[in-house]
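Labels for the chains are A, B, C, D and E, by order of writing; each one numbers its residues from 1.
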Amino acid sequence: MAVSVESSSLLATLSPGKRTRLRRLLYDYGPGEGTLLLLPIDQGIEHGPRDFFPNPASKDPEYQFRLAAEAGYSAIACGYGMASKYYPSYAGQVPLLLKLNSKTDIPPSDEAFSPCNASVEDAVRLGADAVGYTLYVGSPRQEEDLIQLGKVRQECDRFGMPLVIWAYPRGRDVEKKGGQNSLYAIDYAARVAMEMGADVVKLNMPKLNADKDKDAPAPYNEMEVTQEEAIRHAVESAGRALVVLSGGSKIDDDKLLAQTRMIMEAGGSGVIFGRNVWQRDWNSASDIIDQIKQSLIKSRTRIP
Amino acid sequence: MAVSVESSSLLATLSPGKRTRLRRLLYDYGPGEGTLLLLPIDQGIEHGPRDFFPNPASKDPEYQFRLAAEAGYSAIACGYGMASKYYPSYAGQVPLLLKLNSKTDIPPSDEAFSPCNASVEDAVRLGADAVGYTLYVGSPRQEEDLIQLGKVRQECDRFGMPLVIWAYPRGRDVEKKGGQNSLYAIDYAARVAMEMGADVVKLNMPKLNADKDKDAPAPYNEMEVTQEEAIRHAVESAGRALVVLSGGSKIDDDKLLAQTRMIMEAGGSGVIFGRNVWQRDWNSASDIIDQIKQSLIKSRTRIP
Amino acid sequence: MAVSVESSSLLATLSPGKRTRLRRLLYDYGPGEGTLLLLPIDQGIEHGPRDFFPNPASKDPEYQFRLAAEAGYSAIACGYGMASKYYPSYAGQVPLLLKLNSKTDIPPSDEAFSPCNASVEDAVRLGADAVGYTLYVGSPRQEEDLIQLGKVRQECDRFGMPLVIWAYPRGRDVEKKGGQNSLYAIDYAARVAMEMGADVVKLNMPKLNADKDKDAPAPYNEMEVTQEEAIRHAVESAGRALVVLSGGSKIDDDKLLAQTRMIMEAGGSGVIFGRNVWQRDWNSASDIIDQIKQSLIKSRTRIP
Amino acid sequence: MAVSVESSSLLATLSPGKRTRLRRLLYDYGPGEGTLLLLPIDQGIEHGPRDFFPNPASKDPEYQFRLAAEAGYSAIACGYGMASKYYPSYAGQVPLLLKLNSKTDIPPSDEAFSPCNASVEDAVRLGADAVGYTLYVGSPRQEEDLIQLGKVRQECDRFGMPLVIWAYPRGRDVEKKGGQNSLYAIDYAARVAMEMGADVVKLNMPKLNADKDKDAPAPYNEMEVTQEEAIRHAVESAGRALVVLSGGSKIDDDKLLAQTRMIMEAGGSGVIFGRNVWQRDWNSASDIIDQIKQSLIKSRTRIP
Amino acid sequence: MAVSVESSSLLATLSPGKRTRLRRLLYDYGPGEGTLLLLPIDQGIEHGPRDFFPNPASKDPEYQFRLAAEAGYSAIACGYGMASKYYPSYAGQVPLLLKLNSKTDIPPSDEAFSPCNASVEDAVRLGADAVGYTLYVGSPRQEEDLIQLGKVRQECDRFGMPLVIWAYPRGRDVEKKGGQNSLYAIDYAARVAMEMGADVVKLNMPKLNADKDKDAPAPYNEMEVTQEEAIRHAVESAGRALVVLSGGSKIDDDKLLAQTRMIMEAGGSGVIFGRNVWQRDWNSASDIIDQIKQSLIKSRTRIP
C-alpha cells in the first residue's frame, strides 16, 4: 500500500472537548500509550440473555463493570439503562462509552436499522467520555440511518463528545455483493463511517472468501490479499479516524492474541473484546486481559 | 442460579425524584415492606368492554378506583382519560401509575406497536407516582417503539418519575422463535426493558412448552427448568430493575396465591392483578386482595 | 344493567375552562337543561356536495348557520374553512364546535385515518366552545390516530377546551369482527373515546344483526339485546363522558323522534342531526327541530 | 339553481392583512373591478421544459414576468426559485402569487402528492400578495396533503396572506369514480378547498362525459347539465371563496374567449391562463390578453 | 436557439452573503474570471473506496485537498466528515463547498433518495463558501427530496450561503422515459433545480441515443440536436442559475479538454472533474488541471 497514514494525528484536529475526552481513553485509562481496549456490554439487547449462559456470573452487569474498572479497560461501552443503574458505582474509575442506539435480533436483518434511545446530552449528563452509534451501511433503510447519525454527529460537535461508529455492512443488498463480512463491504463501511464524522470506527474482521467475493464490485471481486492487508485496506479507508476491530464470538487464546497483534500491525488502534473476555471466570478473564494489553502496547504502529 | 441480585438496592441508585415516588408505592401504600400490588384498568382499551361482562359493576371505573383505594393497592394503573375523570376523587388515597401508551386489539398483532397518547408531564400534572409504557419486544416495528420509549425515558429522568415497562414479546418474528410466552422471549424482554432504563418491569408468566421451545435459539431450545427457575431467569435478566408478574385471565384462588408465592420466592417484587380481582363482587374481591397481600409480605425475598 | 351512571356528574370533574364552555352548550343554548342538540355541517368534505342536492338551499353554508342560530341548536359543528368564513356573522349567537380533522370519502376506508387540518388554538381564536375529533377505532392506522388525538387532548387540557370525539369503528379488521355498526364495535369505540379523554362521545346507532354479530368476540357473538339496551351498553362504556347519537341518512319523522326518545331514555345526552334536518326546507326544518327539542327535554334521564 | 351567492362578500369577512393583499389583485392590478387574471409559470417543474418549445422565448422566465407586468395581469404565480431570481426586477409592478408546493410529472399520479418547498414566511419576505397550494383531492395520500395544507393555512392566518388553492381531483380512486375531470370530482374538489380555508379556488374545467360519469356517485351519475351549469355547480360549492378556472393546453382564440365569458357568467371571478398566452409571440400574446381582460370585465356577475 | 441568457447577471440578483461567497469561487480562487473548476471528493461514500484503487495515493483525502489548494481549484466539494478532519489544514487556501447529503450505492437506485447528514449551519461554522445538495429528479421519493431541499434552501437564504444543486434524474420512472442521461431528463432536471432555488446547477453530460429517446415525451422523442445544442438546452433551462457539467468516469485528455471547451461555448460556467483528475499521479494531475483552467478561461461565453 502506498499511503502511510501513521503521520496524520487525529487528536491534533479535534476540538478541545473531543480531544480532552478521547485522550482519556487513549492515554489515561486502559493499556494507554495511544491504544484502545474497549469492553462492550450490549449483547443483552442485541442478542438477548443467551450470551450470558456460558458464564452465569456475566448475567449481572456488575460483572462487566467491575472487570472493566479493575482489569483496566480504556472504556466500557453500554446503553443508557445499564449506564444509569450500574455506572454510578464506577464513575470516574473507567471511562463510559454510551451506546446511543440498539435493537433486538428478533426481526430479520435484511432491512436493518438501529434506533436511538439515548442522546449525546444523556451521555454528557452521565459523565461519559464518548458515544457509540451503530450504522448499518448499505441497508435499504440507510436514509433514516444517515439522517439519525447526522443529528448525533451534530450533537457531538456541539458538546465536544468523541463519536465512535460501529460500521456494519448489513441488509439484503449487501448480501448480493459478497456479504457483510467481505472486504468490499467492510472497506466501504470504514470509509462511510469516516465520511460521516467518526472519530473512531469499530469494524468486524473482514473474512476473505474467494467464492463469495466474486459477487463484489471490481476490483474486490478479483483481489488477492492477506488477512493483514485486508485490515490495512480498511484502516486506510477510515483515514484519520482510528480503527478498532472486534473479536466476535469466543475463539481460543492464541488466536485472540495473534489477531490483536495483526490488527495493531495493520495500523489499528485497538480492540473491542466482549464475549471473548467476560464469558470466562474472573481470574481467567483478568489473565487474558493482561496479555491483550501487553500485545496492544507491543504491536502498536500508529500515534493517534 | 449463581447470581444473587438481592444485595443490589434499586432505590439507592435512583435520583431523589424517582426514589421519593417509587418508595411511596413500595412502602407507604399497598402491602408495603418493599412489595408491589398493582391494579391495572386498561382492559377497556386493550380488549374492549367485553372484559367487564363477568362482573357488570366493573364497567364503571369507579369500581376499580374504589377497590384500589379501599382494599389498599400499591397503585392503580390506567390511561389518561380515566385518570383525569376518576382519579380526582381518590387523589392521594392510592398512588397513580399513568399508562402512557395503549391500543385496541382489533387489528392483528403481527406488527404490534402501542402509541403514546399521554406524556410524563401529564403524569406530573395529575400527581402520578409512576408512568407505564408497553414495549413490544421483537416486533417488526421495534424501531419506532424504542425511539418512542427513549423519549419517555428521557422525560422520566427530567422529572424524576419512575418508569414501569410492560415488556411483552410480540409479533410475527417472535412467533417463529417459540412464541410470546416462551422463556426465551420473556427472558429477552426482561433484559431489553432493563437496558432501556426501566425501574420496574412487568412481565407475563413464562409458559414452558417443550414442543414450541424447540424453535427458540440455543440454549433455550434444550433447557429444562421448573416454572420457578424460569421466573428467576427473567428476574435476573432484569438486573437491578424490579419485576412484577401478571395473572392474565381469571384463574382459581389457590392457583393465584400459589403463583404469587412462587413469583416472590423467585425474586419478584410483586404482582399486577386485574381481571383476577375485579371480575369478582366487592366482598370476594376484598377478600382475595387481603390474602394476596399477606402472601406478598410472607414470601418476599428481595429488598428493593 | 346493574350500573347507574346518572349520579356521576361530568361537569363537576372538569377544569374551569372546560366547565365554562361545555356548560354553555348544555344549559345556555339549544334545548338546554343538560341536553345537547348538535348540527353537523361537515358532509361537504366527508361525502362531497352530493348531500346538498335534495335541498339545493343547503349547499350554501349560510343555510345551516342560520338554522343553527335561529332554530336554537346547542352548537354547530364544522371545519375551519367554513367557521372562518361563515361563523363571524353568527358569532355568539350559537356556540361553535370546531371539527379539527376530516377527509374525503374518495379513497376506500379499509385503512381509514382522518388528518387534522386545524388546532385547538384555532378554535380558541375563533371563539369556539368545543372541538371535535374523528377517531377511527380499530383501523390499521390507529397508531397515528391515537398519537394525533393525544396531542389534541393535551391542547384541550392546556386551553380548557371541551373535547368531543366522533368515535367510529372503521377499517378492514373491524369488518372481520361484525362490522362498523355492530354493538361490539360501537361499545368498544365508546370506551376507547372515554379512555382517550373525551368529554362528549359521538356514536352511530348500533345495528343489531344476529348474522354478522356471530363474527364478533364473545360475549357479543351471542348476546340478545333490544335496541335500547344496546344504546345503554355504549352509554355506560363511555362512563362519565356524555354520549350523543347521530341520525345518519334521512329517515321519517316518527322514527326520528322515537329514536331521539330512545337515546335519551338509554342515558344519552343528546343527538346530532344533520341531513335529517337540513335536507328539508326552512319551515319543515324549523318544525322538526322544535319537536326534537321537546323530545330531548322530556326524555332526558341524566344530569351531566 | 336556487342559491344566489352574489350577495355574499368575501372581502368583508377577511382579516385586514388578507383584505389588503387580495384587494390589490382584484382592484389595483390586472383587469380590476373585482376580477382576476392570473399568469401561472410553474410548467417548468410540473411538466418540464417541453412546454416552452412552441415558443422558445418562453423558456426564459423573463418572458412571462415581463408579460405579466407589461400586459397587466392581476398576479404572476410561480415557485420560490423563479420568484427569488426573476421577481426582484418586477417587484411592485405586478403582484406575486407564490406557489408553495410542486412536483415533476415523471412518477405516475395514482398516489399524487405535492410537497411544499417554500413557506408563507418566504412569501412575506418576497413581498408576495398571495400564496398558492396544489391539493390533490381524493388521492390515497390525502392525509399528508390535508395536514400540510392545514399548516399552510395557519401560517396564512398568522401573516394575513390570501390562500389560493389549486384543487385538483387526482389518483387511482378518483379514476374509479368518473375521473379527474368529471363534474363529480371537480364539484367535490371545489367544496373541499373552501372547507380547508381557501380564499380563492383554482379549478380545471369540468368535462361532461356521460359514459364515464356513470361511475360517479349519485346524483352525478345521472345528471344532465350544460357546461355553464357545471361550472356554476362548482362555483356554488366553493361558497364564499372566489373561483378561477384554467385553460389547460392551448386552444383557439374564439374558444378561449367564449370560455372566459362562460366562466364569468357562471359566477367565476376570473381565469388563469398560462400556455394559452405565453406559447405565443409577444404581440399576439399582448393582443389576446387585451381581449381576455375586456371579456372578464364585461361578463363579470359577482362582486367579491 | 433564440434566447440569449448571457446578459442576465446572476450575482446581481443575489443577497450580499451569497454574492460575497459565490464571487470568491468565481473570481478569487481557481481559474477565476467568472468560471468554476470544482473538485468533488464524495466518491468514497457514493461508490466506496474502489474508485481509489487506480491511484492508491488518492485514498488519503490529503491528496485531493492538497491538489485543490495547490493546483488552484475554485472549490473542493466534500461531506462533513472529510471537511471536519481534512479542511482545517487548508482553511482559506481553497474554498469549501460542503455536500450536505449523500448515500452509498449499495441499495438499487430505483427509488433513490439522498439524506442530509449535515446542515447549512455546519457549513457556516466550517467557513464554507457554498453548500451542495443532490436532488434525484423524478424519483418515486421526490416528495421527501423536495421537502428536504426546501429546508436547505431556506437555511441558505437565512445565512446567505450559495446553493449548488447536483440535479440527477433518477429512478424507475425516469428509466421508462428515455433514461437518466437523456436530454429529456437532464433538461428537466436543470429546470427543476433552478425552480427550487439553485444558484449553481451541476449536471451530467446528456447522452444522445435515438433509440432510447423514443420513449421520452414529445418533442424530445423526435428531436435531432448536436451534443453542444443539447448542453445549451440544459443551460437555458437552468435560466439565471449557473451550470457546471461533470466528467464522470475517466476519459482521455483530448476528449476531456474538448468536452470542457464545448461546455463553456454552450453557456456553461465551468466543470466539476474528480476521477478524471485525481486518478492520476501528482504531476500528471497538476498538468491536466493547468490545461483545463486555460480552456475554461479561453472558451467562456457568459458573465455570471
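Note that a residue touches a chain if its C-beta (ideal position, glycine included) is under 8 Å from a C-beta of that chain, and two chains touch if they have at least 3 such contacts.
Quick caveat: nothing in here was measured; it's all calculated off a predicted structure.
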Give me the C-alpha superposition rotation for subunit A onto subunit D, in degrees, nearest 5.
145
Subunit A to subunit C: how many Å between their CA centres?
57
Indicate the whole-number Å distance between the mean C-alpha point of subunit A and the mean C-alpha point of subunit B.
35
Sites on subunit C at which at least two other chains make contact:
none
Please categorise the chain-chain contact pattern as a line, ring, star, complete graph or other.
ring
Ring order from subunit C through subunit D is C, D, E, A, B
Flag every residue of subunit B that touches subunit A in the complex, lowest number first.
1-3, 5, 8, 10, 13, 137-140, 142-144, 146-147, 149-150, 153-154, 157, 169, 171, 173-174, 177, 184, 187-188, 190-198, 217-220, 233, 236-237, 239-241
Interface with subunit D, subunit C side, in the complex: residues 42, 44-45, 48-50, 53, 56-57, 59-62, 79-82, 84-86, 88, 102-104, 106-108, 113-119, 122
